[in-house]
Amino acid sequence: MSKPDLNVNIGKMKLKNPVMPASGCFGYGEEYASYFDLSRLGAIVVKGTTREPWPGNLPPRLAETSAGLLNAIGLQNPGAVEALAKIRTLAHYGVPVILNVAGHSADDYCEVIKFFAEEKAVEAFELNVSCPNLTAGGMAFGTDPEIVYRLTSRAKQLTDKTLIVKLSPNVTDIAAVALAAERGGADAVSLINTLLGMAIDISKKEPVLANVTGGLSGPAVKPVALRMVWQVSAAVDIPVIGMGGICCAADALEFILAGASAVAIGTALFTNPLTCLQAIDGITAYLEENVVATVKEIVGLARKNQAQKREENQCGKS
Amino acid sequence: MSKPDLNVNIGKMKLKNPVMPASGCFGYGEEYASYFDLSRLGAIVVKGTTREPWPGNLPPRLAETSAGLLNAIGLQNPGAVEALAKIRTLAHYGVPVILNVAGHSADDYCEVIKFFAEEKAVEAFELNVSCPNLTAGGMAFGTDPEIVYRLTSRAKQLTDKTLIVKLSPNVTDIAAVALAAERGGADAVSLINTLLGMAIDISKKEPVLANVTGGLSGPAVKPVALRMVWQVSAAVDIPVIGMGGICCAADALEFILAGASAVAIGTALFTNPLTCLQAIDGITAYLEENVVATVKEIVGLARKNQAQKREENQCGKS
Amino acid sequence: MVNYEILAHEEVAADAKYIVLAGKIAAVPGQFLQVRISETNDPLLRRPLSVHDCHENSFSLLYRIAGRGTAMLAQKKTGDNLNILGPLGKGFPHTTLPTALLVAGGIGVAPLFYLARCLAEKGKKVVFLFGARQAEALYRRRELAEIVSELHLATDNGSTGLHGPVTELLESFWEYQVKFEIYACGPALMLQEISRLAAGHDRDVHVSLETQLACGVGACLGCVVADRTQPGKYFRVCSEGPVFNSKVVF
Amino acid sequence: MVNYEILAHEEVAADAKYIVLAGKIAAVPGQFLQVRISETNDPLLRRPLSVHDCHENSFSLLYRIAGRGTAMLAQKKTGDNLNILGPLGKGFPHTTLPTALLVAGGIGVAPLFYLARCLAEKGKKVVFLFGARQAEALYRRRELAEIVSELHLATDNGSTGLHGPVTELLESFWEYQVKFEIYACGPALMLQEISRLAAGHDRDVHVSLETQLACGVGACLGCVVADRTQPGKYFRVCSEGPVFNSKVVF
């Protein structure tokens, strides 16, 4: 048998495998370049980037929780000009670069897209409308489907590149937000960003994070992320990039079986920088064991099996 | 110094300490009675109870996750008549019993309240409008402030007992739902119920739970629960009962410092049935170490400290 | 909830270990213990393991390394403590009959070993049918041979005993003249098959079931199996079981 | 990411341990290692520990049991493996001066021990000021005494050396005739005080800082401290530090 085919398409991007690092956990690639061969990645997603440099939040910015991590980085980034220089150095890896786009307002996002629109080094934009450490009028940007729809449509008009909208899990109905992004012209949605959480230092009797609240990531959130990928992939027709707590190939496969066409790995990199590579190898091994020729065949397979089972049960009952 | 005073009031209830088991994790008390002296508890919260017996969901109903537990029990319970018999046997512990009330419709809830309204063995009702394993019109009951407001008002008219509304964390704005409950006449709110999650069995290629999705509880959810207690206790004037992942006194104290007047412990009991007692002892020790006379003094203390710090920073800046 | 010191911890096969703990527990055969694997929150839940044997001042467990929790358990060393909740659940029911037929599949031998010893000590004739994939998974069969009256083996690959499923060993016993009680523990499919065969001969079997547990004491309603005699009713495996009459669960 | 075998693991005080690992690492003094505590997801993050000493075929760590992670580390036994990422960060800068003053507070001795050895081996005069709450927390002071030119001790409770803070020991040195480099590691408040005193004499100090880390390699921007010379700018402790010039961080 020949090696399983791990190719997936996200919008106009052709990825040689469905595994990428998650935004904000991989900088602009430079820090992890000495740990493994970045050319093996399906894509590289860089840090949330704004037009001008952003300082980020006051420290402390991190708190460890049970199987999770709270962060309140506040989108510290060097701004579009310096980011571009860093991204250009990634070109020789031959891996599509996805630019995570951030801002305070719709105009902010559009500025970033305009800046990179003609830039070959960037293949796709991921609109981060879901950073829990920023607020727009009291509530995070990405919680209102209408705002997400409008921002996506505006962004779509500015670029022919692949447009991904990154969804917030801090909502009642994530499928509704995903549908709004799709309607606005998104080529894909990615989820989940972090869950809004906090921690309190009982000896100091105050919040651990200077920002009070932070975003929860890591294995703790995996069940919630997986449920949302399941819901969203049932609702939209565009591809879903799944993430939230993936630590190994088995976790990645749960997301793919739930309906994700590709996956991103964030927090797990901090414990094991090789997680992406191990996930790629593990997915390959799984496809071989299950005699499946292409990873595309198992995208959403758990849903199909579940639907079939339900039908059988229904028949049995009637 | 005399022993710290652990008394708290929730509506008309006077609790001798702020620690209780969480609904659904303690049955009707009988199973844990042989493990410790139930009379030491601040209150006993019994399983979600409906007017008629409910069978619950098909198994498998459980899946373990990283520092968390997914359950899809589906509110299996013996119905009001048998529940009452069980609750009466708890009377001799001299601990207030809180009845967790469940149903498919507003009428269902009202039926249960009417049934127990004159029953001395029950001191309070906790309206479980947040079970993620049940849906009313596609979306869980407790996600719509208006529905919560109406249900609370109706329930309030049926009983003089303390009325608690248990909130769902699967919402964009939990404070809005809490305010709706308060407006409807709730004496307290309790939170969080479980986060909607799922798990997939990659060898069977289907969801682990027969119900597909389940409710996530345990230490994994603590940061989210704590953040919601912080937000809700800032928004409402009624007491907040905090829960979600509490495993020890330090965890319980985080919730109290965030603004909870009392706390409930669920999943941790499965690993350590003595968690409630150890939390009571640990809170007592903490108050002694910090030379605080009553637990009431530290309710929301982290918020006060935080507000003060912010003010100082503001002054420094201007 | 008591800490017990590990007196011995031995490999019985590449994928299974036998652990002896210091202390006295009042367990009947078929009961289980909720074993805490880690003091951290991962894994969060205790792991249920059957009482494998009981002595004056010690007791033992036999477990297969099935996943992460049991793999971590396998790392524990002599002298370490194991935190245990139990004994829990209802054990195998007593029998007034002089003969008992015990059927184990693989690690299903764990609770049946203790049952065999207790029945033998009461002077019953214990016929033990033991099947597994291969000889290595006929865990502790030598120690078992010393306890029981008859030991019949079967393996899927024919490496020891009958080449075939343990259920084939059963066939000759339906014609048996004396009455006997049947107890079984093993994979769900094996139990189902035995129950089906037994039902064909109008017999029932005391089967010990495994489901995913959380509390282990009957409080959470997570571990249930359907009551086949009453639609919409469930049994809690942890507290109403783990031993059930095959007729009510299959 | 490499597994290193534990060759020795000793208590140096009730709350601190010293661990020797087999293997070669190319670390300069002041660099640290990200140590994996558990193979499970709790605790999730690695724990940063400084390189305490380096030999031909081994290296060592010295750590205080500060919480859950270090308490779990303390359970590891000789022969166990420790999974390590690193060496990471920038170490202490070299000095062209012939004399170095090293100031440690409690467990702050961890990275300064290796620095002291390297400086001594280069023929520098190493004056070591070591303060702690009580004598017991002057970890490995006997081994240190064999390396340095001068060792001055101070304890908060007066149980050994000067009765008072280590910063008091500093005072006499400002009048010193020869020029010297200053390196310090210890509690934040101590470092701040030393920096303040040094600034008063127009001197700067190379301080090694501790913050909560996640990635340890500069990718997550979680571990930052403010750059006092540029408002709104931050340094990453893990990759731009952990050693900084006191003037830019205090």
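A few comments on the model shown:
We call the chains A, B, C and D, going by the order they appear; numbering starts again at 1 in every chain.
Rule of thumb we're sticking to: a residue touches a chain if its C-beta (ideal position, glycine included) is under 8 Å from a C-beta of that chain, and two chains touch if they have at least 3 such contacts.
Fair warning: this is a prediction, and the values are worked out from it, not measured in the lab.
By the document's definition of touch, common neighbours of subunit B and subunit D comprise A, C.
Distance between Cα centroids is largest for the pairing of subunit B with D.
If you average the CA atoms of subunit B and of subunit C, the two centres end up 37 Å from each other.
Rounded to a whole number, the gap between the C-alpha centres of subunit C and subunit D is 54 angstrom. With each centre defined as the average position of its C-alpha atoms, the distance from subunit A to subunit C rounds to 45 Å. Rounded to whole angstrom, the centroid-to-centroid distance between subunit A and subunit B, based on C-alpha atoms, equals 32 Å. Those residues of subunit A in touch with two or more other chains are numbered 63, 66-68, 218-220. Those residues of subunit D in touch with two or more other chains are numbered 41-43.
If you draw each protein chain as a dot and join the dots that touch, every dot ends up joined to every other dot. Residue ranges of subunit D in contact with subunit A, taken from their complex: 1, 36, 41-46, 85, 211-226, 232-234, 239.
Residues 66-67, 219 of subunit B touch subunit D in their complex. If you check the complex, the residues on subunit D that touch subunit C are 38, 40-43, 68, 72.
By the touch rule above, subunit A contacts subunit B in their complex via residues 63, 65-68, 70, 139, 143, 170-173, 195-200, 202, 204-207, 212-214, 216, 218-224, 226-227, 230, 245, 250, 253-254, 257-258, 286, 298, 301-302, 305-306, 309.
Residues of subunit C touching subunit A in their complex: 41-42.
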